[in-house]
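For reference, the structure is listed below as structure tokens.
By letter and in written order, the chains are A, B, C, D and E; residue numbering begins at 1 in each of them.
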Amino acid sequence: MSTASRVATKVGEVPFLDKDDASLLLVLPGLFVFAAFMLFPVLYLVGISFTNARPANLFAGETALDVLTFGQAEFVGLQNYVSTLSDPAFWNSFGVTWLFVATSVTAKITFSIGVALVVTNERVRGKRFMRSLIILPMGLPAIFTVTVWRGIFSSAEFGLANQILRELGFDSVAWLSQRWMSFLSYNVTEMWLAYPFMVIITVSALQDVPKELHEAAMVDGAGYFSRFLHVTLPSIKRPVLFASILTAAASFQAFLIPFVFNQGGPARSNELLVVYGYREAFTFSQYGEGAAISLLAVLFIGAFMWLNVKKGKLADGVSDS
Amino acid sequence: AGVQEQGEGTEASQSGDGSGDSTASGDADSTTESSGPAGTAKAWYSLPDTEIPLRKEALGMYNEASKHTIEGADISDLRKKTTSAIPANQGPKTFEWAHDFVGDYYQRGFIVDKSDSISVEMDQFTDAAQGAVQFDGATVGLPHSAETVALVYNTEMVDSAPSTVSEMKTVMEEYHDPQNGTYGLGYPFDPYFTSAWAQAFGGYIFDPEEDPQLGVNTDATAKGVKFALDNFAPYMPNDPTYGPQAAAFAEGNAPFAINGPWYLSTLNEKGVDYGVAKLPTPEGGEPNPFTGITMWYFSKAMSEDGPGTQAAMDFIEWYATNEDIALRNAKEQGAIPVLDSIATSDDLPENVQGFSEAVQQGVPMPTHPKMNAVWTPYGDALTKLFNGDMDVKPALDEAAKTIRSNWE
Amino acid sequence: MATVTLDNLRKEFDNGRIVAVDDVSFEVEDGEFVTVVGPSGCGKSTTLRMIAGLESPTSGSIRIGEADVTDVHARHRDVAMVFQNYALYPHKTVRQNMAFGLRMSTDFSKDERNRRVEETAEMMGIEDLLDDKPNELSGGQKQRVALGRAIVREPDLFLFDEPLSNLDAKLRTTMRTEIQRLQNELGITSIYVTHDQEEAMTMGDRLAILKDGILQQVGKPKDVYENPKNAFVGGFVGSPSMNFVEVEATGDGGTVTLSKDGGFDYTLTGDVARRVSESGLQTLRLGVRPEDVTVADTGAGIPTTVDVVEPVGSDNYLHLDVDVDFIARVDSDVEPEVDDTIEITFDQSDVHLFDATTGEALLYESQETELAAQ
Amino acid sequence: MATVTLDNLRKEFDNGRIVAVDDVSFEVEDGEFVTVVGPSGCGKSTTLRMIAGLESPTSGSIRIGEADVTDVHARHRDVAMVFQNYALYPHKTVRQNMAFGLRMSTDFSKDERNRRVEETAEMMGIEDLLDDKPNELSGGQKQRVALGRAIVREPDLFLFDEPLSNLDAKLRTTMRTEIQRLQNELGITSIYVTHDQEEAMTMGDRLAILKDGILQQVGKPKDVYENPKNAFVGGFVGSPSMNFVEVEATGDGGTVTLSKDGGFDYTLTGDVARRVSESGLQTLRLGVRPEDVTVADTGAGIPTTVDVVEPVGSDNYLHLDVDVDFIARVDSDVEPEVDDTIEITFDQSDVHLFDATTGEALLYESQETELAAQ
Amino acid sequence: MSLVRGVVDKLAEDARTVAYTPVEVGRDAVYTARSVARGETSPTEPLKSVGATLGALVVVTLLLFPVYWILMSALSGTGGSIYSSGGLHLLPQDPSLKPFLWVVGDLIVPAYAITVNVPFTNLAVVFNTPELVFLDASAYGVDNPSEFKSFFWNSLTVSIPTVIIAMCLIIPASYALSRREFIFRRKVLFTYVLLTQVGGGLGIALLIGLYAVYVQVGLNNSKLALAVYYAATAVPFNTWLLKTYMDGIPTSYEEAAVVDGAPPWRVVTEVILPLSAAGLATVFIFTFLTGWTEFVVAQTLLGTENYTLPVGLYSLVDEYSIPWARFSAFALVFASPLMLVYLFAQRYIEGGLSFSGMEG
């Protein structure tokens, strides 16, 4: 008690805490810390993207401070952007990325809703326990999980996926050596990586669907499928939409899966945008161009999020709706 | 009141504690004499956990015997770590890696020329090793072992190593039966592993001395690549990457593997009976694999003189020239010595001799920074070829084109 | 249109640990409006939900019309249900809400459906709301839409689960008449659950009273009011509640005196007295309704003190000291002061007598008996 | 203990687009129990919340006792409030819930707090629940805890925002008496908001009626009931509602005849007739309460048809064809058949007359006038 | 305090529920069987339930198969691999716990000498605690166990500050965003939602810049600095998440507290925070997760002695080969604390991620 609580009481008496506008002060620390760590790197990246930075010139100079002033890299204007935008590989990567966003998000949503329906079905016993189990993969580090899935999708006859195919009497598939098969394997892996989060959100949404609505529909003569279509789906739309937007952003920035699987291969055909940027920056040591690509990616994803946030009215809370 | 731990701590004594700045103590007086004050230096390496105990032992030996102290540390993703730490002046005095960083890192200024202050004779190393640690006339480190790929055979299936590819093919033919989980060969199909064949018929992948420097699409190289495709690819598991290829042999499901010394620990764990031999010869050619020379680099931090640098140099010289260590590394880890004195010695275990002979067959990987831009496009081409998506020549031409455009 | 028959209906929850409905049997006639009433948790909703098919009975059977529907799925029962919180589909417009049942259970063309929806909407006075979403509507409007949604389907049976309890008092009265009017017009068999006895009384052709899952009494509102089968029913029906006084019966031949410490004395005569004597009970519970209690002239009645005078406009409620919560409903011009002593009296014909332990009515005559007597 | 004075209180929302409370002034005396009643959305809660300090008025001032508290923060006003949904902290036990206010606003020691909580709990009959969490309690128990939480603080002022509306009818009546009893005992000034006019009538020492944010009338329940200031108040107070008939007034000197198509005719005489003539109004709204309507012998009254007969046990409500929703409350033994034609009548003294356009009562005499007249 | 007690209570309740589950299932079965026997329930009803449950089990099994697969490779001795050219085996052929032993290493509490000086005298009492051996790895043939324990310690000392710092930044902000109307509120909210996902995958060039700054400020190799960084990255998403959750708490609780005389900070600590338990739990887990699993930045910023678990895990991966058994065992041990938390906090996470308040 005593001192601490007296101090606290004093704090409580500070008038600004009662004032609404002053509440901005509660938000500022977070905003500030975030900006300090996020804004700076982005600005640095912007800087680099206008230079011909390569490891050799960026790191020339005596102190680490020189790195901050881009070493001896020279200002080249928009050249990096021009060369990026005129590179057919960029456009391939751009297209594949959006395709991946479209397919993987669709897959993730349908799959997760399906799983969520199963583990909330009232006939199923031990639902809660099952729900506890299926979110376990969220605890595994991504780099590890992806490496494991790389093994599962090995093109070798004895990769797990192929072994299962063979148990089922199919021919083995060269997963990572064929463009669309590797694309498929990216999707499956992404789905598995994302499902715990998506399922939790969907399950919570499903549990918030008023039971009466289902009963009303039942009495109205609707079967299971109609109820799903007319009651369940519309009721979980918003939370699921929200989850989809988050997961779409994750898909857009997928890096580990294509990189670990086959470096966006076979032969760069599935090189998602971030992998493309990474490769430009590191394999070819073009930091400037890599930065430009990264920034373009940020721009796209930013625009995409902005659209979604606007459209989905995600910034609105109940308090002001 | 106080609490004091009795006896030995249980936490495995850590590999190093990095908190002491290596140069802090000695920078003030910049003596260059070897009789200078005792120094402390950080040394980075990235080893499989099976090799770490031996390394720690070696460090212990050195620290015991010398006034200097070397703090070793096992780094995960050494390439990334050096790239970020060294420019920020946070790098170690020295780090250990194969020699393929030499050109790139030297150009980037991550490593420095210390040819003036080396006090050991360079010609006690094999020629290949001497060449590997030098770039543009600068000596940027000292070599301590070599590695390359050789033929590994399962002694339960094969009595003696085949000396020609066609002999080998007969055996592979016999065992290759994917439906039943057996294969002829486990062989990661990438530029480094296949270099022996690509360069077997007078071709070369990259050579700064040649014209053109880039050799991936010369006819001779194409012939070599085609040779590898025709003679090996059909007997391998479908996936050209390391893991599956390594598994096929390690589980006793293939008579042959082509792989490097690092593979032996896996084989020992799996309990496969194996022998190592140099690569079989193709008709009309001679296998000519890339070899890697593992070396201690003179990192940027060694550019300033001081006890720390003294310590690092002293340690590197000690390690590189220490026959005991080289032999133990050879015996326990299959590392091929690069000290002329023991490189071909009979003291070497049989298996290492196989690798050692293979090293004799090959050439060190190019150290030129341009080589960096070669690996990936060329590797992509090999993958395509392995998958049968393209013909040899067009695939290599395409790779060459990409590489050239990346050089610009 | 259909009759509904419940046969020994029983519902257990939690593996038998909770018995929500216990052996309920009754019959609803074709076109009849039956209200089910009882305190919270007595199993009203459960009963209704079993009839709708939303819960399956542990034992017993349900018939709608001729068919035994005990094992028929809710969506094949052709009943319409109005829920307490309306359960309107929030993402559908009023029109879609109303058309949904038609879409699901009939083959009508879109036009036909629309026509019917519009017809019903007009009937309910919500034709202007057809394109609004439920959350743009007020409570009363929502209630109308919910009703409309049920009506448009022209089902065999209407089920209402406390459909008015979320409305305010005034609106409740209005909607009450509206539902009655509609049911009269359409003549569809209806079962209406409520915990409000006034609603139950005014709306139902017949009244079923539940307590702890057990059916207490079924009958016309007036009959139940006048002739409660037990003290629970007596106390539950009517507002303000029936007054109860715990009394000792002492009697000889012709008269029985009911008395209680503190000056309460009431003498029964005639047939009633005889029946009380015959029952042999010592302790009785005497019930008398507030409106049957009148203020008597001095000396003519039971003396008591006024605790509180509650004016409700049309009448005054006098809280009297006779027993806890003993209320007399008197004219609004009878305004004694608090703490005044007044005397009260009531007719013997208005007296209800119950067994003090079991609560059974001593004088209860089932309607059948009455009918037979006539 | 304190008086409360509201002075020209006004509250706008949405930058003035919604005027929730419009120029409300009234005074609550020390120890008085004032009920505020009005239809949904009329600004009752907003008014109460301004008194509590949870909203700040757009203009006007609030005084509690001597102090002007218009700009004082809620937590310094020393008022206690009971919320509609109880707002019991679900994570605290009953004891902690009740002690919370004491902890926050007093320096009592823990023992002292405990003592007070236990005292209050005993008074409320919830001493056994002290260690339960709110979600283990029934509705009535929650309500009691919410009351207890307010009482234990012994505040200057009690505010109640529809505290009973989540309870069922029976429980509501019980709790109503309980709150009254407590307030009587404690004598703390109380303002009680409800939309249920019966609650407002029975509980309040005085009644304030709001509509669209505007104060309509303030007065003793009986006065308001008998002497509504306008048609809205007349219709709002009393159950069933006052019957209204739109009539044409035609008159000469002594008498005024109020008539309506369809056979309605009523003649006013004397003083009332004079005042109607004087007002010069042609169209009037005649109001008469259901209980003042009696069934007359044939030929003696206004003929009308019976639409519905609603038995409520103690009485019957006859819905008559005079005008929409015209109800006569008659004895339960008066049971005409539906569609019977009966005649009704009522006393001139029970007639309320309103301006058909403004709704103002023609015969309204403010109490002050009445007092002056006496 | 009450928060902790609440958590403990809930855990105890969960444990009870789990413990009673078999009893309950048994009772259920008996009840159903009886009722079927009496002919009151048609036998297809229980069959349907059994079928549905089995179906769900199959789905769960399929979902968790990769995890099972990893576990198998971890159990299949040091030479284990997820590639098995010898056909599909559902059980390890040569099961061994060695990889796990290798990960965990010795669990030995060394003997301590505790000296207590008796005040005002020169006497000191010395207690010798015995050496406690829980697990001596070398006894099972594991001589060079991993440095898991030191990685674990580092991870903890990064993650816990991360959580604390993040909570300090997130809670006030989400409260303000949820409950107060102030200038720029909508802008801040909008920015946060926008930034919930933008920003990852910016490439390593960015990291070099970041690293340079850290070095300049002298913060590299500081676990605390890393924690601050993690906390910063966790701010937008989690603030927004908690804000959404708080939106669902009826304002009347808060108003009740204000009328009861509670100052703002008490309102927050006594009412808002306890009622946000599920939201807080979720945010807690998410922020913890950031610190627990992040690899790239940790690897760049930290020196070897400060390596966290993911970096340690990755250092097992060689240029060519992956020691699958150890790698898997390491990853599983690494993930197990989180998995445990998930197991128990599942319903809070479900509650915390429920965006039902977002009706628009």
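Here is the rule we use: a residue touches a chain if its C-beta (ideal position, glycine included) is under 8 Å from a C-beta of that chain, and two chains touch if they have at least 3 such contacts.
What you are looking at is a predicted structure, and each value in this text was computed from that prediction instead of being measured.
Shared contact partners of subunit D and subunit E, listed by label: C.
Common neighbours of subunit B and subunit D, listed by label, are E. With respect to subunit C, maximal separation of chain centres occurs for B (centres as means of Cα atoms).
Farthest from subunit D, judged by the mean position of CA atoms in each chain, is B. Between the chain pairs B-E and A-E, more C-beta pairs are in contact across A-E. Centre to centre, using the average C-alpha position, subunit B and subunit C are separated by 90 Å.
Averaging Cα coordinates per chain places subunit C and subunit E 55 Å apart.
Averaging C-alpha coordinates per chain places the centre of subunit A 37 Å away from that of subunit B. Shared contact sites, meaning residues of subunit B that touch two or more other chains, fall at 83, 87-90, 181, 237, 243-244, 247-248. Within subunit D, contacts with two or more other chains are made by residues 73. Shown for subunit E are the residues in touch with two or more other chains, namely 83-87, 204, 207-208, 212, 215, 263, 266, 314, 317, 322.
Chain pairs that touch one another are A-B, A-C, A-E, B-E, C-D, C-E, D-E.
If you check the complex, the residues on subunit A that touch subunit C are 210, 212-213, 215-223, 226, 230-231, 234-235, 237. In the complex of the two chains, the subunit E residues touching subunit D come out as 2, 6, 250, 252-253, 255-263, 266, 270-271, 274-275, 277. Those residues of subunit C whose C-beta lies close enough to touch subunit D in the complex are 39-40, 138-139, 168-170, 173-174, 177, 180-181, 195-198, 201-202, 221-222, 225, 236-241, 289-291, 308, 310-315, 317, 319, 325, 329, 332. The part of subunit B that touches subunit A in the complex is made up of residues 83, 86-90, 104, 107-110, 178, 181, 237-241, 243-245, 247-248, 372-373, 375-376, 380-381, 383-384, 386-387, 389, 406. On subunit B, the positions that touch subunit E within their shared complex are 1-12, 14-19, 44, 46, 48-50, 52-53, 73-77, 80-81, 83-85, 87-90, 181-183, 188, 237, 242-244, 246-248, 250-251, 253-254, 260, 262-263, 266, 269-271.
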